[in-house]
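Take this structure, written in structure tokens, and hold onto it; I'll ask about it next.
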Amino acid sequence: MTMIEYRPEPGEFAWTFGGAAPVRNVKPGDVISLWTEDCFAGKVRTERDLASQVCEFPFLNPQTGPFYVDGAKPGDTLAVHFVSIEPAAPVGAATTLPFFGALTSDAYTATLQDPLPELVWIYELDNAARTVTYRAKSSDLTLRLPMDPMHGTVGVAPASFEARSALVPDSHGGNLDTPEMRAGVTAYFGVNVEGALFSLGDGHARQGEGEACGTGVEVAMNTVLIVDLIPGVATPWPRLESDTHLMSIGAARPLENAYRVAQVDMIGWLSELYGIDRMDAYQIVAQAALTPVAQVCNPIYTVTSKIAKSLLPNASAYRGSHARLREQARTAT
Amino acid sequence: MTMIEYRPEPGEFAWTFGGAAPVRNVKPGDVISLWTEDCFAGKVRTERDLASQVCEFPFLNPQTGPFYVDGAKPGDTLAVHFVSIEPAAPVGAATTLPFFGALTSDAYTATLQDPLPELVWIYELDNAARTVTYRAKSSDLTLRLPMDPMHGTVGVAPASFEARSALVPDSHGGNLDTPEMRAGVTAYFGVNVEGALFSLGDGHARQGEGEACGTGVEVAMNTVLIVDLIPGVATPWPRLESDTHLMSIGAARPLENAYRVAQVDMIGWLSELYGIDRMDAYQIVAQAALTPVAQVCNPIYTVTSKIAKSLLPNASAYRGSHARLREQARTAT
Amino acid sequence: MTMIEYRPEPGEFAWTFGGAAPVRNVKPGDVISLWTEDCFAGKVRTERDLASQVCEFPFLNPQTGPFYVDGAKPGDTLAVHFVSIEPAAPVGAATTLPFFGALTSDAYTATLQDPLPELVWIYELDNAARTVTYRAKSSDLTLRLPMDPMHGTVGVAPASFEARSALVPDSHGGNLDTPEMRAGVTAYFGVNVEGALFSLGDGHARQGEGEACGTGVEVAMNTVLIVDLIPGVATPWPRLESDTHLMSIGAARPLENAYRVAQVDMIGWLSELYGIDRMDAYQIVAQAALTPVAQVCNPIYTVTSKIAKSLLPNASAYRGSHARLREQARTAT
Amino acid sequence: MTMIEYRPEPGEFAWTFGGAAPVRNVKPGDVISLWTEDCFAGKVRTERDLASQVCEFPFLNPQTGPFYVDGAKPGDTLAVHFVSIEPAAPVGAATTLPFFGALTSDAYTATLQDPLPELVWIYELDNAARTVTYRAKSSDLTLRLPMDPMHGTVGVAPASFEARSALVPDSHGGNLDTPEMRAGVTAYFGVNVEGALFSLGDGHARQGEGEACGTGVEVAMNTVLIVDLIPGVATPWPRLESDTHLMSIGAARPLENAYRVAQVDMIGWLSELYGIDRMDAYQIVAQAALTPVAQVCNPIYTVTSKIAKSLLPNASAYRGSHARLREQARTAT
């Protein structure tokens, strides 16, 4: 086992999945300790830093990586286990942006209306107390919300010779923006190109479901992860496994399609894990799956299908990768 | 306080919200103990009872009611507090139906493909152990899932002189199919016509989010509820309040619109409860709201916006109706 | 053949399809000469008449009718042939309305943005020259556009005991808002209740595809139509036949579903007319159908599938109803 | 003026917009005579050639190009004028494909249903008579449809360092699949990278609106085009200009968003051309624009907004580029 430390230099970020040269080679089993910049490329620090003024499109959502995973080939599955995800700054920023977010017209849901006001909320982060503090602008209302750090963006190079903006999610992962991408979770991605070329970024100290305003509580992250490879096993859509849940993530518009993709993927997964036919798995999903909305603000929307392991018989997904990584995380740290 | 017992006679069900004559007059504060038939009108009892053969369209989703609430006027809010919802049969039925459900083409998502097989799963219900038992058809897999009884359909007569099929949800409530409509919850509906004319039905012993196959575990219910009226307070979309959460339900297609409606409604609610402007409430919702999908199978889809009271300062929604009804429920039963 | 003249008294309009008592009995073959009020109930006459101030919700889209067609039974098809549709006022009005229209957020595509300005454009109508004249507000730009009168709303009572607002289209017809509903066209509707109960209104002197601002050039109409009945022939979605085209109208959200419904219906129609299987009809539609958007502003959207008769062999749809009505129109007028 | 002849060698096709090296440098004013392969890479020639067997994903929609346009810079507009588009083979092929097309579930509108049958229809093309001949499989029905050759795919390299599959349309153009992309038309694209890097392919001898089955009548093409550059003029979404119409193309899901994007773009265009404010332009579009659906089968859908020049005062879009190119075409050929 190797511990790799990596902190990207200013010019070293990737802005796409696919089409960027790898920054490091890693091997299955390697532990990577890395730092990710926030989605604003570090430029929004106070309420006066309006992203539309201080950020330069398309230099948003800087990605740490990509990492070339030795031996990864199309048709394999890459497992990325998050050992820890910790805010690397004392405050996080959440903003509205002109024509971006779930509750405004945007580039696709195009209307003739004026944009919403562009505002920045600065949240104080307390890593010890595990809180993020919201302060209203129009009153003295203050809320201490639980810290729940996550990565909005994790993924691999896409198929079909594509390079996709880090602002977009799809079957390769990318800007999935699900709060389920937290420490303790193993994320599975189908490998599309040699070396998989995975990267990550867009840390949130917490995020509501749907990421309604277009951002979470955005913050740089110190993250430790372990990489694993499951050769010869394909993964059509991003999947997550925690100690308590199996999850599939669908990415599509309209939102019902993201739901459909996630649920159909979960049905395929359960069908295979338990040796039942798809109609039987459909019935389980219909009565037992949770389907939180992940985000409704990116160019493609995401929904998670989520089923509690406690409701299901024991099964070993991906040849026990999650349990093995969980154990390695315990001993490695 | 009056206790009203009501069990509809066979010919007494309503099939629409609006357009049906009231079966009883009730007063705010009345406790109603009633029985609801299952969505199949009781005709699916075994795996051989295919709804497409034994049910007669449009005689699906029979409603118990409507109840005329004395004094209710357009512009008021009707509160319906669920004291208890208990399965009234030893088994529940879940089915697939030709061209109905989230993971099949349907009357609107029209394709040229053949329908999925029509199948019935019979679940054994154990009210004491609070379990519903699933049995796979293609293997001996058996799952004991937690019982979590709810009403798929609750609502009032719609506005605009409309009568809507009990299979459809909209701003008047109706076939909302959210698992959040469980005992202990108070549902708020805007009153559109004199007497409000609320009715309910479509009990589920449990249901996954999205109601993917088109049904929950369908079963007749013995339900006790208390009616309250909040005069002069309008409610644009159905809202729920439990001891732990505030919830708004949006109904629309595509699914992102149901999400938007629910979140915008929640923003309006929080804005009013806490005296903050809408942008501040938007930010709270963006970082703190959960948005489980309710159903993706009816003619109009539903999403719930849900925020934990524990994250918010104390506030008294609807003049404290929920707390008062909760207390009344405790003493009444 | 009977000629029926009918001009509704002020209190005589219907505001729904279904749920309204018939104003007249008519027989298949009857010619009906009637007047329809405009969608604003006649209250928008100048640029200062803002609908949000002068109109009273839900008293919009007044319907002339319903007419009880003797002998019409569920399972039959009602044919309504438009002999003439002529503006009955010297000007028409088009408006924007707060949160209504295709290019603004609305009640379902809910956002937090401010509404667009509410404006009225008054068009001069010249029935002789067949023009409607647009005048810009921000410059002296004047456009003389071709007059192309149509009815936005035509339909029958819906199934399932429903009464639907005249603002909504669905399989029963209603607020379809397709510019194809013009003189010379025969509209076919499936009959859902005894007497069919058809009504119509919402005349437009012309309308762009999609009815982007939420209205056409709205005007009262003098309309002559002939009613026919095709017993024992079901019509699942509204269909139109002109001398040159066969058309099916789909109503659904999102808009791709309206497209799908229209195209699948057209495939069924061609398959039956020409005795070909559905895959062969699918191929014809794929290479030969036009699919103009009808409207993207009502609670349910509409798309028309349209195929030129000149591309197809001769066939006699609905037992030759259109040709017969066309001939009757010629001799009757 | 230079005449460039270019016929790609087998290994020389591009499979993406962006991310491919240019095959030729061209200058504004150059006439390019080129050949494009069909979308099946030439592998579907008979009814027995099933694409799912003979084609190799992702080697579909081979693009001729990209061409590097000397002097083109981000912020400029590239004009591509089609002088002629002529089928280069005696037959064209149209197919159904498993889980691809508008009237089947697909990778995004995911359902559990079986795919439709995979079928190939071979159309005889008669360039002289301008017909394409359809033959039903289930009967002897034969239809001679008008030939109307077009390119499904035309575009430039996208912004944001992306490379997009040639199967996908977006603001850079790509797989727009509108039948309006025919000879005599000038297409305008915003330039995102130096040299613009435009390419084209996917010829259709004709196509219905929506491309319902997932293909047009696919055929290799001999195409002559002229390139022009309008420096310093941005074009947010693809636009077309013919002798008779101005057109904007929106690409988005759901389909109403493609409609919205196209209409909002047209409003901006008219507003600028005629010096009127956006609300006045909105009103023109609302009453005068046509909005045919382009395609409902690709990962992103497309709708065209189309307005007749005859309804508008004379105006010179893009500094008269279309008229100039039209004149050059007349003299060049």
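Every chain is named by a letter (A, B, C and D) in the order it is written, and numbering of its residues begins at 1.
Quick note on the criterion: contacts are C-beta pairs under 8 Å (C-beta built on N, C-alpha and C of every residue); 3 or more make two chains touch, one makes a residue touch a chain.
Values in this document were obtained by computation on a predicted structure and should not be read as measured data.
Seen from the C-alpha centroid of chain A, the farthest chain centroid is that of C.
When the C-beta contacts at B-D and at C-D are tallied, the pair with the greater total is C-D. Separating the CA-averaged centres of chain A and chain D is a span of 35 Å.
Here the spacing of chain B and chain D, counted between their Cα centres, is 47 Å.
Each chain gets one centre point, the mean of its Cα atoms, and the points for chain C and chain D are 33 Å apart. For chain C, the set of residues that touch two or more other chains comprises 103, 109-112, 116, 253-254, 260, 263-264, 267, 279, 282.
Those residues of chain B whose C-beta lies close enough to touch chain C in the complex are 15-16, 18-19, 57-58, 107-112, 159-165, 167, 250, 252-254, 257, 260-261, 263-264, 267, 278-279, 282. If you check the complex, the residues on chain A that touch chain C are 103-105, 109-116, 254. Chain D makes touch with chain C in their complex at residues 94, 96, 101-103, 116-117, 119, 121, 132, 134, 136-139, 141, 143, 145, 206-217, 253-256, 259-260, 263-264, 267, 274-277, 279-280, 282-293, 296, 301, 303, 311-313.
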